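As structure tokens, here come the structures.
Shared between the two complexes below is chain A, which pairs with chain B and chain C, respectively.
Presenting the complex of A and B:
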């Protein structure tokens, strides 16, 4: 299936839960609402024509300082899906507001979502509703803040933890 | 009242009532943890009941640092992702920025990237198999494989000027052309590598001790592997012929004849066999790429015959200068002499992206201005606002980069999809229910690389 057919299929099945679609440099992207995320991911995985059996990646982008997007939703959680059988890709994005940074989890669909979502929580402070074990993945528990947010200064230092020598 | 056994072995010892599970920390500073991973294991006797894998000890804020500088500044950071095959990371990152810019690299550059990627892949597999075997007691194999890797690293050094922190990729091309004698050196090195692989096959592949430790250990099913998004040798070891080089070809891989190696069993032994066979395929790819590489020699005399710069210098020293002044000459392309001839055939012809050759920068005002426009703060490479994901086949599987541009000279967001994170996330699945000693070969076959795992 080529990318525009994938997007057409998603549009047909998801209706108004699909907020927008676009194609840029050969990558096809569907923006879905937070309420429709689990439905969209389930559709992508289980629909026979789509058959996205691999959740390649989950990450997020903080659009706080992005020119022209200062007023929109601050975050976007980005899912990259790949179908081993059909050899096609798609990208799903979910806009998330700063005041309510919560997204439903995909752990029930793919076990790898567990770690990928932990990393997004760690780096961006976006919580995943229903996640069984939402701990930090890369930083340590005592770390304050979420370092990949745009308002976290790159030169901020935090005290080292561990036994005092 | 404690019986004698409990007195010697501690409370809760033995298999009877009151026996307890033992909690053991493996790592982070354990030699078999290949750097820095902590496995917190709950043991029942020698059986692993439950584990928690903790990563992040090598986190260096790769993604945050990439956002802080211009596009090409991220190249040295990508060296430090998978530090056993840094060239592939370089090219993966360069490719995604090229995709954002919508530019095409030159044909010769595509072949150079293929050759250097495959050499890196062999280095990575050699390290993985060698270190994994050493942990099972096969120290000879480790020494043989590190010897073979040394021949390849000498090649890498010849091309890039460094062994590990190579920073050879550039957005729009590579740093420098291949040195003139590279083809012969590569074939000589591959001959040595093939001998080593043959020896290792004889030492390991049918070895009783090795097979006892590897066959049926650490296995994952096909469905589990896909659900965990595991790619690379671990996925091919369960019989799925997914390889980014074949499924979504980039550079020149679709023009070369090679085979995607698969196995069925999905255990550590299958992963070992896949890696061993892939090294041979990588050598095939590199040899073909070298044969098909476009662009002849740069240094030719006035009749078009290839000219050795060293011989040219020697003749000059001996005073035999008749006719020499008429011959254009290019010195070692991997050092300062990145002259126009070599520069043009390995870099995309796009002045908004690629630094001009040193001959132009120092020789003409246009070249100097072009150079400044690319290195001054606030100028540089400026892809239009947008986002792109590009995957290459790293040594451990799909190495993806996701870059968001806001139209400025710095990437707004760089995300790396490390190929060894999914297998490490699936590690509990592989080792739970098996023996403590099985953790070591399984962890070795996962080929955890701290740099890309923790970023």
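Presenting the complex of A and C:
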């Protein structure tokens, strides 16, 4: 399927849980509401025509002080999906508010989501509801804050960790 | 030496001379500086000329800790433990600008100079340092080893 057909199918199946779609230079993106995220991901994986069997990446964007997006939700969690059999891709985005940075987990759909979501928690402080083991992935547990948030000072020094005795 | 000739020296100087030509190094290689370390160690530049040709991959058998490459906060306790496992006398060389000051990694992940966690004897700046700088640093370390009181 080409990208527009993928978006059309998502639009047809998800209805108003699909907030918007857009494409840019051949990359097709669907913006999904948080409530409709699990349904959208499940549809992407299980629908015979879509068959996105591979979760390529989960990441997030912090739109704090982003020009033109001062009013909208602060974060977006981004899912990149790929279908090995059909050789097509799609990107799903979920807006997340600063006051309630929680998204349902995708661990039940793709096991790789476990580590990818841990990285997003580590770097952006977005929690994943239902995740079996939401610990930091890259930074150590004594680390304070979430370094890829735009309000994390670039030169902030963390206390050094010593060997555990 | 022939019959009747003799040789005098101070014991400290003799031990210092021996120590500076038998540097057993532990290369703690974490990043791209490792390539330059390998170039220095191999036949073209040949650190074996300075008695530092045998890397030991156990800190317990090493005299000099070569910290080669960026040290992250997560790696810091490992480096510290490696240093503590080395037997006296021991020296530390900070190889490359990341180990000296953190370099351009002025960010949340990188230790801003390994001298914040362990003592350093010789700093070799450069990104990465050329083999000539490394050999220069090594010779400075040899001078440092040779002079001064030897503990034995």
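As a convention for this text, the second predicted complex is superposed on the first by the 162 of 165 C-alpha atoms of A that agree within 3 Å, B and C clash if a C-alpha of one lies under 4 Å from a C-alpha of the other, contacts with A are read in each partner's own complex, and residues count from 1 in each chain.
In the analysis below, contacts are C-beta pairs under 8 Å (C-beta built on N, C-alpha and C of every residue); 3 or more make two chains touch, one makes a residue touch a chain.
Source: prediction; values computed, not measured.
Enquirer: In the overlay, answer first, second, both or neither for which of chain B and chain C A:139 touches.
Expert: Both partners, chain B and chain C.
Enquirer: According to the stated criteria, A:66 is in contact with first (chain B), second (chain C), both, or neither; which is it?
Expert: first
Enquirer: Taking the superposition on A as described, I'd like to know which of chain B and chain C A:78 touches: first, second, both or neither.
Expert: So A:78 only meets chain B here.
Enquirer: Report the partner of chain A that touches more of its residues: chain B or chain C.
Expert: Looking at chain A, the partner in contact with more of its residues is B.
Enquirer: After superposition on the shared chain, which partner residues are touched by A:156: those of chain B (first), chain C (second), both, or neither?
Expert: It touches chain C, and chain B stays clear.
Enquirer: After overlaying the two complexes on chain A, where does the chain B footprint on chain A coincide with the chain C footprint?
Expert: The answer is residues 138-140, 147, 154 of chain A.
Enquirer: Mind listing the chain A positions that touch chain B in their complex?
Expert: Its residues touching chain B are 24-27, 29, 53-57, 59, 61-62, 65-67, 78, 80, 82, 84, 87, 89, 91, 110-112, 114-116, 123, 136-140, 147-148, 154.
Enquirer: Sort out for me which residues of chain A touch chain C in the complex.
Expert: Listed in rising order, the residues are 138-140, 143, 147, 152, 154-158, 160-164.
Enquirer: Chain A touches which residues of chain B in the complex?
Expert: For this pair, the touching residues of chain B are 55-56, 59, 61, 63-65, 67-68, 99-100, 102, 224, 226-229, 240, 242, 247-248, 385-389, 391, 398, 400, 402, 404, 406-407, 412-413, 415, 417, 421-422, 425-426, 429, 454-455.
Enquirer: Over in the complex, which chain C residues touch chain A? Could you list them?
Expert: My answer: residues 73-74, 76-78, 80-81, 84, 106-109, 111-112, 116-117.
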